[in-house]
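A, B and C are the chain letters, set down in written order, and residue numbers restart from 1 in every chain.
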Amino acid sequence: MVVSKILRKNAFMLGALLVLALLPIALRGNAHVLNILSACLIWGVVASAWDLSIGYASVWSFGHIAFFVIGGYTGAMTVMYLGIPPEAAIPLGGVAAAVIGILIALPCLRLHGIYIAMVTFGVHLVLSTFILRWRDYTFGATGLSGFERIQLGQYVFSSSVPFFSYYVIFGVSVLLLFIIYRVINSTIGLAFVGLRDSEPFAKSLGINEYKYKLIVFGISAFIAGLMGALYTSFYGTVSPFMLEVSTFLMVLIMLMLGGLGRFPGAVIGAFVITVLSEALRPLVLWRFVILGAIVITVMIAMPQGLMALPQTIKSFARRVTQRKQIKKDSIKTSSI
Amino acid sequence: MKRQKLVKLIIGFGLVAVLAISIPLVSGCTSPAATPTPEEEPIKVGIATTITGALADDGRMHVRALEMARDRINAEGGLLGRPVELLTADLGNYTPTELAAVRDTLKSAGVDMVNYNWAVYPAVTDYLMEIDSLVMHHGWVSVDWQEWYDNKDSFPYWMTLNQTEEGYGVPYFQALTNPEMVTWDFPNKKAAIIVCDLDYSVVQAEWWREEAERAGWEIVLYEIHPVGNVEFGAQMAKIRQENPAIIFMSSVISTEVIAAYADFLENPTDSLFVITWVINKPEFWSAFGEQADGVLGTVPGFFMVDSAYTGSNPEYQTYYAKGRAIWDECLERYGERPSLQTICADDSFWVWAEAVERVGSVDDYDAIMEAMFDYPYVGATGTYGFDRDTHAGSYQAGNVPLGFYQIQGGEVITLAVGEGENAGKNIEKITDFQVPWWLE
Amino acid sequence: MAAEQAVNLVIVGITLGAVYAVMALGLSFIYGITKIFNYAHGAFFTWGAYFAWMLSSGYLHLPYPAVVVITVVIMFFFGFGYEKAFMYPLRRFAGWDITAIIVTLGSALLFDNLALALFGTRAKRMPYLVEGNFVVGGFTITRHEVVTLIIGLAIMVLLILFLGKVRQGMAMKGVAQDQTGARIVGIPINKIFSYTFAIAAALAGVSAILLAPKILVYPTVGWVVFIKAFVVMVFGGVGSIKGTAIAAFILAMVEAFVTFYLGGIWGTPIFILVLIIMLTIRPKGLFGTW
């Protein structure tokens, strides 16, 4: 009974997991497609970690791509210079990002909304300067490559060994997504939501705002950094190119398209955007014009994001049947 | 309540199913309807270049060269009797995802050769080696080449036209202060150096600076600015104060150079404005027109088409004739002058195509490499003879000159050409130096 | 340091400051009044610059005053249309504010790449508003810089007057303070929103005309300015014209002097450091009200 209840309750997620687990076999190891799927999973986790901060805690961090890159550099540099085994370097990437995340959370404690966004984006802006200046170790804009990869028997974790690597990424992603899911449904997650929805009330219940801000920065930066290290290890390279506006914009779009604070939404957003942008590749220069147009159209048609698709359809059906007049000027207050 | 879950379930599965269906479509893994006979089957040439992103202009110039070469070779009955087909893969902004996509698409298409320009980014080299096809690399960037050289044992099928950017440094400064070339009395021995924060540009600037200091010049400004910077107000304030005889801008990003020059023109000092590779890019000339007159630059390789070569060196006459032909064809077909990128890409294609003809096979890489080694290929930018160790065409076995240029009347005019170790000292003068208009 | 250098740096600082201030005011206007953080503001700048380029050196070669007027008018309607087409339809639903952010993200992607697809990556040059220099007691000041400063200051004064004295401006202030309250007292919110976007886009157009001759016109040019305007807006405090102006000048000066003494690469880190220190003292920026 309990099992069937869990099954029914999470039918969507379990179904998706099953499909994702079996897809590589169905695709007979098509390298290009498997690498796209791996990218979808990586960005899905990064966007979900970011969602933990923006969507659940309403902490407008703009530093998550920076955390991702910090994780990537830490992973690569600890392997190159400290001789740490590449498997161990991946969680280290997360730790480094979490440390930076908590450090940058300190000046953010008293800030709100857009002011937090700016301070965290400061990390992003400053990071490239440090990478370029610390040229002796980071190789500047040339980036790092050729470091040791994770090896399991005869298999190397690399985008040139897509079948094996896909399952590694799949495993790590599922684990991290499960952690995010547990965080959301724990007291920590409830505290986040409480602070987001009614800060004075949450505070009156004794929830320490500062403590939870530090926690949310720590956890989400850790996951972003860990994924950065995994990404770096998978592709075998990391460079300041990752800090260009385009990456930032794309991941933020993935996150928001799926719907803020609607857990697997960010993952779905990541899949949709990554697959779409690959599908539109033949359009060359018009690719991102069309992608942008699709994003706008989808949002105007479905303002609640992809995760609200069932509700949107239902409310549409109800509107058709009841011919209910919609209020045009329904305006609520907002954050950024 | 039950219906709600059902809707959720159906939509969930539906979404996943749509994704699952769309992904194989995305990959473009369509199998050809009928396998053509081996004689008709096209020879596939992959182009790894930047079609989008900040370097899209270079990519366009690169693709044009191969389009012209393909049409020429196909009009004459193809290579080994088979038509040549091009497959362009976009390196974009060099994000790892893009690099993996380039590798995967070119690999699954089974290209016979990959034609690659340069990136200043060794990861591209790693990815292109994994395609397992012969790579023709135009080069001029040591880090790209070095990455291959370090992995030479695992992948030998890599050819580079020129493995280093050295020419920008020492010989360039020597040529600038060579009274044979620059006939202008420097009012002082002061130089200001503006450097883009890319390793490649920093290395060039360092070489240049060392040579300048050796010659007793004072470096009044050595300023490294962030990649993509377009505000040069503070640097120009310093330059205006010092009034140095030379302003050397080491940057390969046209936007930066254009912005700095525009700022300089607002209130010019008594200085020569000296740039590097960007001089060969139409982006630079077209932004300023006649106002660009007087700017000096250098480009490795023989690139002399706005000014006719009338000298007596028979090799230069050949290079000039070949370059001129590509130049005219490009102008006629695309309505735009080519950059050095175009001419280089043409050379890198024909070096390979002629070797394939001699060998009589397109997939016997060992034999093709063997045919290229030490064989002096006379192209439009120089004579390339590929070294067995470095796999580079311009050194030792080959002979590729270094050109020094000035913009005159809105065109890129060759002032002088030099060769070998003393490329900046032993130069052949081609055209008279023009004192820039802001100094008159 | 020689006096001439100092004066040159101050001039560089204040002219850049004037432009950043104009750009930041537009961003701050939209954020303060509509509560939408407009990621497409950089794209507004880019398109303002492209419109000005098309009217001047690109195709039509119109005289400069005409270029300025037509660009500002085009940008005004651009912003107006943008709000009507992309923002207005979202307001049917509760929680539209979040949707609005992603639509601005999507339009940033769309407009930037549209410029890329239509005009290519090649940077375009725009002529200076006025050519030539003033020579005052040994100092050389370009006329363009003087005009930039005058226009920048004039816009700030006009905006202060508009918000303080003009009916519509006061209505905007009302909406910024309390949207529900403003609706109750009969302020037409939809109209106010549209005009806010229109004015902000026109401001982006003005800053594009002032800055483009110096930093060129290319598809991603808007982001460079957008990020700086973002810093200025936060530093000055959202909704304060005075704060924005002071912040723009402080930051532009910091940047000019840091670039001069330490090199251009340290501009951004020190910029950010100053900002963080300031925000720990005043969490809502210098004069933040909204």
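We adopt the following convention: contacts are C-beta pairs under 8 Å (C-beta built on N, C-alpha and C of every residue); 3 or more make two chains touch, one makes a residue touch a chain.
No experiment lies behind these values; they were computed from the predicted model shown.
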_Chain pair showing more contacts of the two, B-C and A-B_ = A-B
*What is the chain whose Cα centre is as far as it gets from that of chain A?*
B
*So, what's the distance in Å between the C-alpha centres of chain C and chain A?*
30
*asked:* Just the number, please: Cα centre separation of chain A and chain B in whole Å.
replied: 36
*Multi-partner residues of chain B (each touching 2 or more other chains)*: 52, 56, 197, 226
_For chain A, give me the residues that contact two or more of the other chains._
129, 132, 285, 287
*At which residue positions does chain C touch at least two other chains?*
116, 220, 265, 268
*Mind pulling up the chain A residues that touch chain C in the complex?*
107, 110-112, 114-115, 117-119, 121-122, 125-126, 129-130, 132-133, 245, 249, 252-253, 256-257, 260, 285-289, 291-293, 295-296, 299-300, 303-305, 326-336
_Residues on chain A engaged by chain B in the complex (per definition of touch)_ = 8, 11-13, 15-16, 19, 23, 26-27, 30-33, 35-37, 39, 128-129, 132, 135, 139-143, 145-146, 159-160, 231, 234-242, 244, 246-247, 268, 271-272, 275, 278-279, 281, 284-285, 287, 309-310, 313-314
*Of chain B, residues touching chain C in the complex*: 52-57, 197, 223-226, 228-231, 233-235, 237-238, 240-241, 254-255, 258-259, 262-263, 266-267, 282-283, 286-288
*Hey, which residues of chain B end up touching chain A in the complex?*
4-5, 7-9, 11-13, 15-17, 19-20, 22-27, 29, 51-52, 56, 90, 93-97, 99-101, 103-105, 107-108, 120-123, 126, 130, 143, 147, 150-151, 197-200, 202, 226-227
*asked:* So in the complex, the part of chain C that touches chain B is made up of which residues?
replied: 2, 4-5, 8-9, 12, 16, 116, 120-125, 128, 133, 140, 142, 144, 213-216, 218, 220-221, 224, 255-257, 259-260, 263-265, 267-268
